[in-house]
Amino acid sequence: MDLSRRSFLKTGVAGAVGLSALGFDLQPLQAQSSSLKISRTSQTRSTCPYCSVSCGIIIHTIGDGAKNVTPQVVHVEGDPDHPINRGTLCPKGASLLQDIVNDRRLLKPQVRRPGSDHWEDIPWDQAIDEIATRTKALRDADFIEQDKNGKTVNRWESMAFAGGCTDTNEFNYLVVKSMRSMGVTCLENQARV
Amino acid sequence: MTNGWVDIKNTDMMLIMGGNPAENHPCGFKWVVEAKRNRNAKIIVVDPRFTRTATQADQFLQIRAGSDIAFLGGMINFAIQNKRYNEEYLVNYTNAAFVVKDGFKLPEDGLYSGFDTNAKTYDKSTWNYEEVGGPAAKPAAGSPPPPPALPPNVAYDLSLQNPRCVFQLLKQQYSRYTPEMVERITGIPKDQALKAWDTFTSIRQNGNMKKAGTIIYAVGWTQHSSGTQTIRTAAMIQLLLGNVGRAGGGVNALRGHSNIQGATDIAGVFDILPGYLKMPTPADTDLKAYLTRTTPKASKPKEWDSFNYWSNTPAFTVSFLKALYGDAATKENDFAFNWLPKIDRKYSWAEIWDDMYNGKIKGMMAFGMNGVMIGPNGKKNIEALKKADFLVVCEIYPDETSEFWRAPGTTPDEMKKIQTTVYRLPGAGFAEKDGTFVNSARWLQWKWAAVPPPGDCRLDQEILARIFLKVREKYQKEGGKLADPILKLSWNYTNPYNPSLAEIAKELNGKALADVTDQKTNTTIKADQQLPGFAFLRDDGSTMSGNWLYCGSWTEAGALTQRRDPADPSGLGIHANWAWSWPMNRRVMYNRASCDLNGKPWDPDRKQVWWSEAKQKWAGNDVPDFKADSDPKTHMGPFIMNPEGVGRLFVPIGAVADGPFPEHYEPTESPIANPLHPGQSNNPIAKRFKSDMDKYGTVEQGFNIICTTYRLTEHYHYWTKNNPMNVQLVPEPFVEIPAELADQMGLRGGEKVKVTSARAEYIAKAMVTKRIKGMMIDGKKTYQIGIPIHWGFRGIAEDEGKTAKTPVNYLSPAVIDPNAYTPEFKGFLVKLERA
Amino acid sequence: MESTTDNRRKRWDTRLLRVKELADLHQPIASALRFYHLVLELQAEISSRSRLVFNPELPLRSQIDVAAVVSEMPALLSLSAQHGPEPLREAAHQWNSFGEQEWIQAIQSALDPARPLSAGPEDFFPRACLQPVAENLQSQLSEDTYTANNVCPVCAGLPQMAVLQPEGDAAGRWLLCSLCLRQWSFRRLICPWCREEDKDKLPRFSSEEWPAVHVEACDTCRRYLKAIDLTVDGLAVPLIDEIAFSVLDVWTADRGYTKIVPNLMGF
Amino acid sequence: MSDRKTLQVQRISGHPGPVPGEGTQRQEKLCKLIDTTTCIGCKACEVACVEWNDMPFQPTMFDNTYQTMPDTSWNYWNLIKFNEVSSDDGSFQWLMRKHQCMHCADPGCLAACPADGAIVQYSNGIVDFEEASCIGCQFCVSGCPFNVPKFNPSTKKVYKCTLCSDRVGQGLEPACIKSCPTGCLHFGTKDDMLQLANKRVVQLQQHAGLKDAGVYDPQTIGGTSVVYILHDATNPEKYGGLPKNPRIPLSFTLWKSWFKPIGLIASMMAFAGVILHYVTEGPRRVQPQPPVREIDGGEARKEN
Amino acid sequence: MATPAKSIGRGPDHFINRIGLTVVYVGELLRHRAYTRFLHWAYGIFFFLALISGFGIYMPWIFRWFTPLFGGGAMTRMLHPWFGLGFVFFFGLQALNWLTLMAWGPGDTRWMKRLKDYVTHRDSIEPPDVGFFNAGQKAQFWEIVGGCIAYVTTGVIMWFPEIFGRWLVAVSYVIHDISALIMLAGIFIHIYLSTIGEPGTMQAMTRGTVSEAWAWTHHPAWYKDVTGRDPQQALEEARRKLNETAGVSGK
């Protein structure tokens, strides 16, 4: 057979000038294509943060294509592939978009000073520095290296850390590392209650 | 959960008790409905209220809050009386045949042998198995007795006739839980209880193992002063009936939050280290002492085999220490074991607040944890915070804890006196963070960040890292007490100030630090490679792993937690390639028990794993939770995490603090004296607190109504009160009140009522309902009420002034279970009046 | 058997109806759709003539009666010669001059699972004849459970498009085979070509005007498929709609992506 | 695109006689099946309804029930009704029923509606309100045996569940159906749904001990396009506003279709009467009238 | 000159009698005071507003062109009850105004019995006992009073269906309609008789006066009442005069 098959081995439209592989006129399509308003959506697999069924969800965002553009969440759907929820969501999960985009969110670090009746804004660096200073001072004051029997205990009992229910494993592990290395004994989590 | 959400579809029988999954886990509940629809599975629901779950039940029984052990104990009694067990499973897979030490005494009077009335603790030495031929060596006179240990060679009686064998003791213990006694304690009419017991145990009629039944529970069991023992009773029923390890069986805890399973695994709690390693005590003077104490030795009938997986404790521990301290942990310095804090008392949730109230705790960091709302005895928590120096709250919404200093009722003068500095740092929402959550079914599912945090919010890990690194910097510069652990903590992240969670996840899995070879399979993991599983962990410092339980989750093959292949060729709902579940991707734990002694599945229609004679290996649709090459002939027990290799009907030497068998004790605040032993009404070792704010109510003081607390399907804890849709669905707090009681009070639905406990008052509208009925408890007419927990003093409805702005947990008492240290949120006494 | 015939007829009727409808709506692609309508009519006839019984033991491709397929060729060639666009007419004339041997060769080449179908006439002719025959065979198999395959679980063909169908409150993805038109369940958010799963590399392009059509692309292998979302437009007939929205192929190709397998009309 | 393709008008309100194009396209009757025995009252369907129909947030108030609000409202079309039912034998049930428009075969609302084309019944069974034609008379409210249509005081129009006719028109199932996590909602042709329902009823009777389980598809209004599986079909009233034999008042059927035009004609007879009177009897003039002249020999009528 | 005031039961100085101005020319009698006329036209307007809007609702497929007058169907429906209330309000005042005049007497029953004679104009003037209103007018008046009661009761029920329930609404709907139909029929007769049916009548509700001849022709007793003259005599006298001027002898 004499047909130069390989020469046709381009896909239908790529590189074609004016005609498609079968010979359809591409001009009208090209004209139409330049007038289309196309958006680029990213779909992110996430997990519902509420109960322990851990329903899979897919979060749709637009605007990730361009740099310096904050993506916007436009839709949250159940993950159709998820073996447990199979695309369904409960009334809490179904309204997750309202949790992701919520005007009650805290947006700035704040501090309430002793005796004060209001919040003040505080720069991040200052907040971190103040917290670290207080933390160190407290540890240096209360750290116990040996108990009354002379046994090494290396513990710090005057500081507590309370972890939440939606903290990830990895974050919790950072907590364990940082807190246990400082000797914190009062380490608790929503898991207890 | 020993099993998983999807696995519920395989069941023939469900007991849902101490949980309300239709309400709190609707999408998981789908599988309950599937079982009902496709297998005609039966559902028995036992709850203080007729719940949304109860609407799906074939039988509903209203129980008095906090009397679950009595009902379950009655079921054990019924099952034994009616031979609703399979002897093969019972004898070979549980410790029913083990002989218990002479001197062990059942709690006819409410106390097991060994109780120390002054210290309120047990000497647990008699809570042990009889050793064949008695103890090998008597301790020399004068020297202190060694700590109780399990005997390596356990006496047993396969005929189960020995009066001191576990089965006979079990029978004796629960023979007291007659239908009449159960009715007195629980308020469930005995004919109803008998019907429910008969239905549930009917799956094991004539010992036929074909069917499987599951027990599903949640914090309705946990949040009691005998919470752990309640769950144990359920586990015992499942062992007795041979339901553990089987598809459609198991003991299934439905956890309430997206990642508290993970938080427990990672040990975000005071009493353990990651992977359920035990916390060191001051007596553990070096690593060896610690490992000797914490590494169990096999304890079994001589002829049997036991895998005793915890014998690998040294490898797990050392790998963890290497993860913590990296190169600073060397064999020479005991892998820096001494830098770990050593504890000899409890620092559990309620104890922390008590310590803070007593001025012992001066600083607190709360990351997404709303302690004022959670309580118990929330007002005490507010008072405690007033005494602290500083509080750091990382949150996404304005919450009650960060605003404790302006809790309703605080006057401007009082506010001026509150000296606590509060930092409120805006963290990131779930959609802004990646990382893994572990669901109830132990699935580690990685999630990806969809959007960056808004405004000036930061990722939680960045906030924590910056605080820690700032502290470290200060120690570096200024020095201070024991700075080494801080300075030498391994923190090798590409961006230490904002560690990538993927890097941390890899660290959790662990990697080889030197080449590691598995002799059996002759595979070598090269240094710096991710470990494929915990079998490769070593105790010589050649491996590191942040959490041995998660070893295998992020291997050289990549992040298994990110797998999203929904395929389920067996149709059993295993989905082995969807994410990853601990341990080693096993979806049903103890699945060896799904086979008979010869390794053949009890039910050929639900083949989970089986012994392949051809390959001389265990094979399966699921990953066998067993030693892969253990020939059934060796009689290795399926419960590989127990030193015995079998399931524990009897728990020896104080693994459970309040007794080897569960016993019914009254809740701390109870309307009656325990009908079993009025002299010892409550759990003798449950902890109460003694501060001036810890008050406990009695019927004599007028607190005559039982109150329980719970969640609604439309809301999620203290979170969705910021979400308009959920607020629309259920706008306001309310108190559910039995219609009968409301009639007596002349109360109509929608009118306001005041609920008073010994600790606080709570005002909300009344929901008069027929779903809670008055009960006869030990001959006394008793009423229960219920309050959903979702409202506090910050939220859409709260800010609009639509609620009384009092958290429900102002009411609840600080009493904690002696094993899990969980407070008794369910079942305390209140009075009820019109407001 | 009768109901099977009915079902087949119904399937083709739906397609024919839809292609007509869309040809009126989408002017820029109307000529291709009108031609496709004629091809579909012929394919419907081929389908009604093909009565092979599927043997699940053997590979689907080996069960196709090539001689029967060859016998359909003249009708297709004459149709193309009469109604096809100019270059296709030429090709049809050229093919007419070949003997049966060349046709058999071409059909066998199109049946080679190792070779992706191309857009040009050399695959168009055999594929148009093969599709109805292969579809009749695969439709005798009941719906299979999920497989992770990115090739057709029945005939090992590559997917030419994706179909999004309701699954719970969301949309589950299915792929449609370029040869036997079987639809098989395939999960979302993974490239069906290179299995890329990084969400940042898997953009979805959609135009405001047509919410039911998406281009699901992969920045790693630069391939894409179009997806017809039946959870947005339940009246769509994916096979047809995918061709009607070929303008998106033009748009996507302009951005340097290649379709995994072009559809029958070569887009 | 193929807008409203499946929505073939079968009849419209306030319009007698044949509807243009009626019945030209044979359409399958569609049906929503609600299995109350597997409903857990989670309200996911309520959320789906509100979201799909873009309903604004509305403040609600606690009203002694788990129900979101006492009844559906103009902007809340889908409501789970929670009913606590004690039976004489001491047993207790908490019945949850998803309440929304039933899309009756004989719609009372349509019968009652006087406005031309304000209520439309499509041949697939959907009964839809056309906002543009609605005059807000609220007769539909009274015509409905299920108390479904609700009046919006600010737009002065009446609204109700459309069975997502916009979605169905696009070949999709209603928004609520797909949201149900326990799968108690189904959507399909009426025949299929009844078949499914009957199968489930047999299962309930044989395996769940529900002897009185049955299907609710009331024939007094010709059946409905929303069909329930009930634990106890002998007593649908206990599901909160589900009449056993729903009926449309005669005044909305007989009166509206027959007597209204007749009455109008009768009334118009008075008009005809006075014209006739004027022609035959002439006006009654003030007396005395001027004498009549003879004109062209003709004789005018004289006064007497 | 006498006024009809005494028949209303209020003195001539009553404030409503001093509202507006009615010019009574020689040869005319004051028939309706300005107040009465105002009321008449007020409820007349409301009646037609209610009627037209009502029919827009009654049968939109015929009367759909009515609704745009009021700003569409929904607006029509919203306004209709207010129109109705307007009608009832003003008519209510008129009813008070006319209450004594509308009292039914034995003469009215007699009048009713000879209704056929009235319709066929058997007598050139009304029987001597026909007063300010004849029995036909009274009957219509009382029909409207009854109608108003029906309107208000059923109207309110339909206005607030959620309070009264569907069955009450269903019944109300029929009563309301029937009431409207009867009144519509009545209004045709009313308009006819007040315009071309009985020329000279319209003036009574425009300028407020009627000719003396009108009065003795249609309401002889009233004529006698206000002028003190015998209507029959007055008629004869007028006829004579007329003949004289016309030069034609009467028979």
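Quick notes
Labels for the chains are A, B, C, D and E, by order of writing; each one numbers its residues from 1.
FYI, a contact is a pair of C-beta atoms (placed from the backbone, for glycine too) under 8 Å apart; a residue touches a chain by one contact, two chains touch by 3 or more.
The model shown is predicted, which means the values in this text are computed figures rather than measured ones.
The fewest steps needed to get from chain A to chain E, moving only between touching chains, is 2. Minimum number of contact steps separating chain C from chain E: 2. Distance from each chain's C-alpha mean to the overall C-alpha mean is smallest for A. The pair with more inter-chain C-beta contacts, choosing from D-E and A-D, is D-E.
Of all chains, the one whose mean C-alpha position sits at the greatest distance from that of chain B is E. Averaged Cα coordinates give chain A a centre that lies 27 Å from the centre of chain B.
Centroids of chain B and chain E (each the mean of its C-alpha atoms) stand 88 Å apart. Rounded to whole angstrom units, the spacing between the C-alpha centres of chain C and chain D is 45. Mean C-alpha positions place chain A and chain C at a centre distance of 39 Å.
Within chain D, contacts with two or more other chains are made by residues 42-44, 46-48, 178-179, 181.
For chain A, the set of residues touching two or more other chains reads 42, 44-45, 81, 85-91, 94-95.
By the document's touch criterion, interfaces exist between A-B, A-C, A-D, B-C, B-D, C-D, D-E. Of all the residues in chain A, the ones that touch chain C in their complex are 1, 3, 5, 8-15, 19-26, 28-33, 36-45, 58, 64-65, 77-81, 85-89, 94.
Within the complex formed with chain D, the residues of chain A that make contact are 85, 87-91, 94-95. Of all residues in chain D, only 37-44, 46-47, 50, 57-66, 68, 84, 86, 92-96, 181-184, 200, 203, 207-209 touch chain B in the complex they form.
Residues 145-148, 187, 189-190, 197, 199 of chain C are the ones touching chain B in the complex. Within the complex formed with chain D, the residues of chain C that make contact are 21, 25, 166, 168-169, 230-236.
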